[in-house]
Amino acid sequence: MSLSKIRSLALCGGLVLALGASLTACTGGAPTASTSSSATTAATTATNGNSAAGKKVTIGFSAPAADHGWMGAITKAAVAQAGKYPDVTLKVAEGTNDVNVQISQIETFINDKVDAIVLLPFDGAAMTPVALKAMAAGIKVINVDREFNSPFAARTTVLGDNYGMGVSAGTYMCSQLGSKKDAVIAEIAGIDNLPLTKDRSEGFAKALADCGLKVSNRVAADFTVQGGEQAAANLLQAAPKIDAIWNHDDDQGVGVMQAIKNSGRKEFFMVGGAGSANVMRQIKDDNTVLKATVVYPSTQAADGIMLARLLVQGKSLSDLVEVEVPRKVTLFAPVVSKTNVDQYLPTAFES
Amino acid sequence: MVTGEHQDAPLLTATGVVKHFPGAKALDGVDLEVYPGEVHCLLGQNGAGKSTLIKVLSGAHRPDAGVIMWEGNAVAFPNPMAALRAGIATMYQELDVVDGLTVAENVFLGNEVSVAGFTQRSTVHARTTKVLERLGHANISPNTEVGELSAAGKQIVSMARALSQDARLIIMDEPSAVLDSEEVANLFRVVKDLSDSGIAVIYISHRLDEIRQIGDRLTVLKDGKTVANGLPVSDTPTAQIVTLMTGHEGTLEFPPRQDVPFGEVVLSVQDLALDGVFRDVSFDVRAGEIVGLAGLVGSGRSEILETVYGARRATSGHVLVEGKAVHRGNVSAAVDAGMGICPEERKTQGLLLEQSITHNITLSIFDRLAKVGFLDDAAELAVAHQQTDKLGIVPRDPQREARTLSGGNQQKILLGRWLAHGTKVLFLDEPTRGVDVGARAEAYQLIRELAGSGVAVVIVSSELEEVLGLADRVLVISDGRVLKEADASALSEHQILDLIVEGTSA
Amino acid sequence: MSDQVSAAPASTRRSLPPSVTRNLGLVIAFLAICAIGYFTAGNRFASVDNLMTILRLASIVGVVSIGQCFVVTSGGIDLSVGSMLGLATVWATTGATQYYADQTTWLLMVFAALAVGVVGGLLNGIMVAYGKIVPFMATLALMVAAKGLAEWIANRQTQIITVRGFENAFNADPLGIPTLVWIFALVAGGGWVLYNRTTFGRRTVAIGGNLEATRLAGIKTNRHIVMLYALSGLTVGIAAVMMMGRTMAGTSTHGSLYEMDAIAAVVVGGTLLKGGRGTIFGTVIGVLIFTTLTNIFTQNNLPLSVQQIAKGAIIVVAVLLQQYVAARKTA
């Protein structure tokens, strides 16, 4: 029986060790609660009245694995936002790309009888049944970024504007290339077939068409640095002369920039997508082909936390005349260029 | 204890060596004296302690007590590399060569010749060629991948490695077990050359005839103790050696053949052929008869057995059991028709080593004993008890894992499997390989009794003596053809060898 | 609890068979993890609701692991289970399948998922048994191909299940226990009987112990290997139906990396990766150890990345223990 003892001790020890390590990691990294009302950012529209401490609120938060800079920023911003409210207790179950595990996380939140759940699903449709279950249990579900397929599965939905991103990027290019009707415009998309990629490309094409331009060369990458490098290298080979490039995603943009640097090409300008801090600093420095980026807010979940708190406390968005929190919030996709970069840099995410 | 005499100073002396393992005393006072330039044979049944002694001498194990003197100094090798540096090289049964490396790389493995981390190919090749020449095998290229060599070739590489290290004592653990007669003759020539040049050889073998051919002196171990130390081979009769090894009187004897006439033809092989291996093989075996296939390794004898059994798919020809044709290349059809095999490689082809004696015995009948797919443990256990009792399998505990049994008892498990199955035709490929001298007589007796009960038996063995002693009728096979078929009593070892030599040269 | 082959009812019961002690160690390890859960999360951990949450999470990987246990015991490995699961959910939820299911019965979707699983398994089995491709490569090929096929069929979209009967069937909790857990219990129980009490199980263990010896003893080994992979495919089909019931959707990302979870559970449970010895009971405990761990981490608001580290450590410790036991046995 000594063997079993050794085994269980070893397992115990390993687990305790792992738990201990993560506890220190968590307490060390978690922002301390602060009541400061001066922390008003572009994303926080709450007034003093709403941010005043109210009824205690427990919010469960779940998001996919942070295998992408933007996704990592989502959780960081949500945790930071929760830290601003002394009346909010946040339970974070982050980081899984397995819907089965994510469903069980939501089930745990239901068991724990949390007041609200902010959920960025790995797969919107697949997470719908468990969201419906949470709503049925009286929990307010705030759906972020990837939409459920039932309107009853969430009280409020916060979405970025993918079509709007394309429109913003296209409109910016029109403003820069307006007179040049034969301009060569290239597009480096993210993962093709994803609905969001389709939306972005459609918005882009529509805006360009309005000023008589069109996309001459289009390639697709996969949201990774490596994929961006490959797609851009191919694109630069295929098109000897380019006037402008729109790259859908700043994470894959790191690879895209590398490919451009390797080619030594400088005849065009580039517009990014998502809005990483890294890209914004390059825009500010203005010594590369990167002249602008279109924001896809990484503060969506932070907004979700804010809305969850308001919902549970029975408050409304006080600048709206409406007494209830809206059903759906679609965030704007602004263009960030050298002229306004200082305004957006503080809320940009580090990739 | 019986001891022999010698004049020179000994190269290696072991006195009172003791080695314990948890729950067992593997060596319990072993003495051994080896002189330069002699071929010293180490004998003993399985479990007598030979392997442990080798490991102690080669530095793989540390003795718990006793003294080992090497060239007059007491030594304690911490690891095999230290022993090798001192001049003791060991060729294990499972040859420790690396198949993916070349001959030269193997010879210098662990002792690479390099300058600033770069291997010196030309130096290594030149030295390897020299060593191979000394072993009379200049035909092996240092560039050949060892995996492409035969077992004999690998042995030569292993010996070359020993020589390249200036070994003065080479320990060979059953080197002939994987070789055929021709290769064995070549091995003996090499061993003779080595001893002529002053290198001592400790030679381990089960085959007494080999020891007669090349041994100078012999030491016998029994139950971890030396029972005979350095007897001159030429003056020691076989009967005495067997007595020393087994602890009781007796020599190797084959059971007498039966007087009763054989029954009906059970197995009939007609014009069987396998492309590129053998052709035109036809023979019948009657109930109660033992037919032996005699031939060298590579003659096709094992392949014939395997093809009749369906483990290989015949190109043409027919196999009939009791007059009914058996589907070609289909083992389960062969088993259903009443055939069974005890294969050449018992451990890799015959047994489920990690499973119980019961499950090994019932492997081909648990299906039959089961009720609508559900196992019948009680019935299986009854069958296992029946067979362990009948065959005298030791230990009697049917729950023991097969790997814990001796070679002889493992072979009995396989016999039990087919007896339980009710096999009508039994193929035995090298039935006594790895079986103690003491246990062989019992095995022969069992095989004869099996035939006596009406089973048709076909045996293959590389020991001609065994084929001639056991079989009623012998087929001499060479180069994929049956050269001669005759009653065993009408043939001698000499005649068979002559036939094979003529047959292959014709 | 003694479900290993050498532990078949013995005439004498002098000492506990090794399988019992091995499983006992596993059970103690599992209880230790549960104790950690209780000490860190208290009654939130030790509640019926939470027990059901753990079991629901364990069910899908659990069913796949039962099939994997058979394949691993036979000396093989099935890497295709994860992407085959995804493919089965996609195939069973295409517009066409759902249209016909709506016209007839929702069982048509179940049948479609099971059929996809079994056909994939048969393919694996034929490649391994008759094509003589090593299991690792054969199933790796299907893993890649199935993933691609699933993405192609679904056009990388998530297909939502609209067939009403299907939804109702999986929302029921007979006797207060979720349908998913019932299915897992049935598959595990059936697997135990199949492994320990039938000729199918014995053949599996024999093939894993020594394929050539088993073949030469007259057993139709090739046919059995095909059946083994088909069985694994069947469990994948069942798991796909369960996944569809849990998510009401079919997508190529379903089951992603489940092959690794299943193999880890099987090996931690005490099945030898080289074959010849397996345990269904240990596999179930192996699955429960990992899912309970996930649950404890969620309850304590700890990131899953730390759990991956703990998971890795558990696998290493379990394999070291296996080797230790094996070494002690031969000494």
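Chains here go by letter, A, B and C, matching the order in which they are written, and residues are numbered from 1 within each.
The working rule: contacts are C-beta pairs under 8 Å (C-beta built on N, C-alpha and C of every residue); 3 or more make two chains touch, one makes a residue touch a chain.
As the structure is a computational prediction, the values presented were derived from the model and not from experiment.
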Pair of chains joined by the greatest number of C-beta pairs in contact: A-C
Most central chain, Cα average position: C
Rounded Å distance between subunit A and subunit C, as computed from the means of their C-alpha atoms: 35
Between subunit A and subunit B, centroid-to-centroid distance (C-alpha), Å: 70
Between subunit B and subunit C, centroid-to-centroid distance (C-alpha), Å: 43
Residues on subunit A engaged by subunit C in the complex (per definition of touch): 1, 3-12, 14-19, 21-23, 25-26, 65, 91-101, 103-105, 107-108, 110-112, 122-130, 149, 191, 193-195
Residue numbers on subunit B that touch subunit C, as the complex places them: 21-23, 309, 311, 331-332, 334-336, 341, 343, 348-356, 358-359, 363-364, 366-367, 370, 373-375, 377-378, 380-381, 399, 401, 417
Partner subunit A, residues of subunit C touching it in the complex: 21, 24-26, 28-29, 31-33, 36, 40, 44, 47, 49-50, 53-54, 56-57, 60-61, 151, 155-160, 243, 246-249, 251, 253-254, 256-257, 291, 293-295, 297-307, 309-310, 313-314, 317-318, 321, 324-325
Subunit C to subunit B touching residues, read off their complex: 5-6, 8-11, 197-202, 205-206, 209-210, 212-220, 276-277, 331
